[in-house]
Amino acid sequence: MVIVMKPNATKNDIKNIEEILKELGLGVHISTGSERTIIGVIGDKRLIADTPLELMPGVDRLVPIVEPFKLAGRTFKPESTVIRIKDVEIGSKKLVMMAGPCAVESHEQIIQTAKFLKSRGVQFLRGGAYKPRTSPYSFQGLEEEGYRLLAEAAKETGLLVVSEIVSLKSIEQAVKYVDVFQIGARNMQNFQLLREVGRTNIPVVLKRGLASTIEEWLNAAEYIMNEGNYNIILCERGIRTFETYTRNTLDLSAVPIIKEISHLPIIVDPSHGTGKWNLVTPMSRAAIAAGADGLIVEVHPDPKSALSDGPQSLNFDTFNSLIDEVAKVAGVIGREW
Amino acid sequence: MVIVMKPNATKNDIKNIEEILKELGLGVHISTGSERTIIGVIGDKRLIADTPLELMPGVDRLVPIVEPFKLAGRTFKPESTVIRIKDVEIGSKKLVMMAGPCAVESHEQIIQTAKFLKSRGVQFLRGGAYKPRTSPYSFQGLEEEGYRLLAEAAKETGLLVVSEIVSLKSIEQAVKYVDVFQIGARNMQNFQLLREVGRTNIPVVLKRGLASTIEEWLNAAEYIMNEGNYNIILCERGIRTFETYTRNTLDLSAVPIIKEISHLPIIVDPSHGTGKWNLVTPMSRAAIAAGADGLIVEVHPDPKSALSDGPQSLNFDTFNSLIDEVAKVAGVIGREW
Amino acid sequence: MVIVMKPNATKNDIKNIEEILKELGLGVHISTGSERTIIGVIGDKRLIADTPLELMPGVDRLVPIVEPFKLAGRTFKPESTVIRIKDVEIGSKKLVMMAGPCAVESHEQIIQTAKFLKSRGVQFLRGGAYKPRTSPYSFQGLEEEGYRLLAEAAKETGLLVVSEIVSLKSIEQAVKYVDVFQIGARNMQNFQLLREVGRTNIPVVLKRGLASTIEEWLNAAEYIMNEGNYNIILCERGIRTFETYTRNTLDLSAVPIIKEISHLPIIVDPSHGTGKWNLVTPMSRAAIAAGADGLIVEVHPDPKSALSDGPQSLNFDTFNSLIDEVAKVAGVIGREW
Amino acid sequence: MVIVMKPNATKNDIKNIEEILKELGLGVHISTGSERTIIGVIGDKRLIADTPLELMPGVDRLVPIVEPFKLAGRTFKPESTVIRIKDVEIGSKKLVMMAGPCAVESHEQIIQTAKFLKSRGVQFLRGGAYKPRTSPYSFQGLEEEGYRLLAEAAKETGLLVVSEIVSLKSIEQAVKYVDVFQIGARNMQNFQLLREVGRTNIPVVLKRGLASTIEEWLNAAEYIMNEGNYNIILCERGIRTFETYTRNTLDLSAVPIIKEISHLPIIVDPSHGTGKWNLVTPMSRAAIAAGADGLIVEVHPDPKSALSDGPQSLNFDTFNSLIDEVAKVAGVIGREW
């Protein structure tokens, strides 16, 4: 933390800050510049998290130096995290694929999809039981029955299940059926939910919020980790920008950035990230080329009849091509499919 | 809804769409243009909410014509809504002011603030019992004790209480103590929470999400109204943009827009909207000049010692000026303070 | 400038930076923190503008402390600038109004508008001779003839003329006819144009770019001032965000911010800022309430027949109301109309 | 174009619109819906470009159906454009690489870079002679001397030259020395410059503006093509968002979108797109995987001493790796390096 004083700050102003910091048990370094004085704060920044130093006389602004997250950062844990669920690893050389329909609609839909996915080596069956939808008049999901249908299909095929949780109630239901929780973009800063999930030891796919910086996203992970659950898989799924051609702007730079500043694995969701099925395959290739540890993709046996997000879902044919193309890219950048 | 066909769509493609729409009980109007055919859909758009027409052969894209919200719209209810809580009206000629500290910290802090606010004619005491904070290491609020302290101060001064709820548990606690619920920006699309609040009849301040369009915001209101609770006060509190000088970009255009397309009252939060106390008064004047029904402002007896959001809080002196200035603007635009 | 070293920076890395800075004639203060060392740089930041210190071994990142603009800043010139053009002052107690059609279309249109505006006390006639339009197929302006028609109407009515320049050629034409140049949002970082305008002594309305931070905007002013022309009127006209209901998001917070960090006058353009004529009057009231020194508004005798931007133009009736309403707000905040 | 009428529009309102459209020579289709009437307009949209139909009584809003660009669109020219410059093709199977320093600094710097690039099969030498810089106090380029040094190095090595032009004067200078013009992001809507470039037949790299939608970008291309110059290479270089970790947010989705809706070739600039040299190689791999026709990358013999953009420049070693990695990705997606 650096405290930048105003050009007209007095000696007393500076002395005042110095005393506050020393009382808090922090070290102080003062640099008197040609136009301003700056004060370097040494020690655990959390000691001053709740002291509004900006308001002290003579202070212009505070400049953070150390990132606010700790457990999620590579400084804290230099080696990359690999999450193991049964015999699947996330974050190791082999890519992971999570695929399935946006929403669970019926036994037939989900079992048909699961069998197809298994035949292509996919490890995770995804499907929404609770669907956060912008309008209350859209299909909202089958709730617990959705989780149950996923578990049934998983049992029959040997796939693992990933599904979104949206509330304490849904966590209590899902815990019986799913292997990995998903926290959706709209809940990335639902701190109650983050804490609840942190108290379980079930791995979590944590999607980036529509308007979240990378730092805020890692802080959301920090909420979960701070409760004891370290099994977090970050998921870039597009941010909101002025561009209207795509549903969101998929920020693939987040992939190498996360790899640099965090030890957590990261996957990419090109379906929500673009909102258009015909962009999913090129952006999947790009995500893997950028260094992602895997993908989460919407696949539906018949997108035309899907109850939600049909326009961004692949069918079995187009998913077949995606797998083939992604596998080729993986092969030349030191990954495996 | 208008369906825009691709330039190369065939007669069969068009006929196919026509048949789907007729099966759904919708009317159809076909316009054959020089480059493309467009199909006008007549009837309740909700009938096709879950049919992904974008995927039908020959379809280029869908263009919505009628807005997706209904209960929150002025088409549905042309006269402006006035919400009455005890003897206070929100949305009538007289402005409302909600003020108080970001977080409830102690009995002394809150009672001192409440007495001051009452002396200035403020109607609502605000204060956070649950504080959604970006970092898990920041102060998170006193929880139920916070609600209790607010109610105590309200009883003593005759103020009404508004406080944020963040989960079903917090609703169950708050219902005993507060007059108005607040849903924060980060929870605007926490649809479970919206539905829970919709099942009460307690008025709700619904803050606009950081990355929410006005349409999505009204859809969030629609979630609450769809459950039966029509007592919604919209609150513009700034959106996220590339500008870093302010914490958010306060979108005051939202005020006259909401007045045009919705019947719900709207207030403005210049404290979160700017993040800097010295911008709060000019932006409060501007908000009222733009037509807002009131303000929600952070006031703290001693911002320098505040446990959260000190930099954007007014003290009693600066709040006194705010009230004086806002009252003058109100007087010349047909409002009262 | 503060240089933040990496956690693993060596003593040699730090010594290396120290030597570079000393060679450049800069002072150095080193603070050794618990996790990182930071180096405070003392002296004129421009000395290191072209030295990429970020790349030196052990350096994590640079944090600017002093703003990069100087001539445009209030630190450099504490008193507010008032620009005088003939008998009109911009930046003093009395508000200025610049009004007229988006594009100059004909003698009749412009003279009729000018007479009306003069009758309402407007000081400046605005009108576009060169129109930057998104599509090459839209009306592009009358060019020099447009400037001539404005000057003719000004002579007859005693108004001053403000009009956009887009190139060296247009400056050479405009200089004969106009009193104030306008630099449009799309040219705010056309640095050649800024320099050319800086070499004249004609006052300039400098619109904020669609994607420009306040700091970049002041840097654009700095380009003009650095060439010797200090007569700059900043103009907030909306920034680009994800919201689609308005053409742009009018950032009124920029008004009090500019007043705080710069000495230059600032006006607001609610016509381009919203893109909808029915939002122009409420946002004009709000702009003045926020502290703006004036407005620039699109007025057309018959918006329905306007060759550009009709939807955001007021007609004479609605402009009459705008003047009346703005005058009332001005009266209660210590300004005059 | 579809005209959406208000719910309370009268028969006369509708008749009025019908007559205006017929007078303009356009066809009309009227659909009377349950809540609103919509009017389909048939014929060349440009006929109504300058008629503000939004203002006619009873009209709610206009919805464009056909994209406003024509020459740049794939509807107009279904086959992909390949641009030939001497023996190099842009847009064919073989990728193109444009590389070199941000700014031309000296003969030695540029010749050393050119020789290295030639040895790695790079086709184009890039380098800035005119440098648009945010602050007037940063290095602004060597101007004509910069173009001359590039041409000299090109002659000696057989490379082609690409360099930015910023004004009519710079075009007149550059035309003697360079093979490809570059229009920078800040000038993407400098319509005078677009027209000037359109009057030459020199190929143009047209960078996307920081706040430009894909549609506006294609409209900028349309300005150039409308003057007769069809040799346009689009260049995605990042857009401005709220994320501050990267200089811009590289929007790689633009690559497959441009391939779908336009016939023009597209390259990607990962150096400006991220602003950090260590993100350049992963994002280059991703760009090629997404389907880009080539890259433009900043390379400097000694980034630490670069006069501009050093932090985002590769040195020869890291550029060597980039070429190797990109070549491998190209090989598995049907492209060549």
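Some points to look at:
Order of writing sets the labels: A, B, C and D. Residues in every chain begin at 1.
Following the convention adopted for this analysis, a residue touches a chain if its C-beta (ideal position, glycine included) is under 8 Å from a C-beta of that chain, and two chains touch if they have at least 3 such contacts.
Quantities reported herein were computed from a predicted structural model and do not represent experimental measurements.
Number of steps on the shortest path from chain B to chain D, with steps defined by chain touch: 1. Ranked by how far their CA centres sit from the centre of chain D, the chains are topped by B. Chain A and chain C, compared by their mean Cα positions, are separated by 39 Å. Averaged Cα coordinates give chain A a centre that lies 26 Å from the centre of chain B. Taking each chain's centre as the average of its CA atoms, chain B and chain C sit 31 Å apart. Chain B has residues 211, 240-242, 244 in contact with two or more other chains. In the complex of the two chains, the chain C residues touching chain D come out as 46, 49-50, 52, 54-56, 68-69, 132-140, 166-170, 186-187, 189-192, 209-211, 216, 219, 222-223, 226, 240, 277, 303-311.
Only residues 2, 4, 7, 27, 29, 31-36, 38, 40-44, 63, 65-66, 75, 240-242, 244 of chain B touch chain D when the two sit together in their complex. By the touch criterion stated above, chain C contacts chain B in their complex at residues 211, 213-215, 239, 241-246, 249-253, 255-257, 260, 273-274, 278-279, 282-283, 285-291, 325, 328-329, 331-333.
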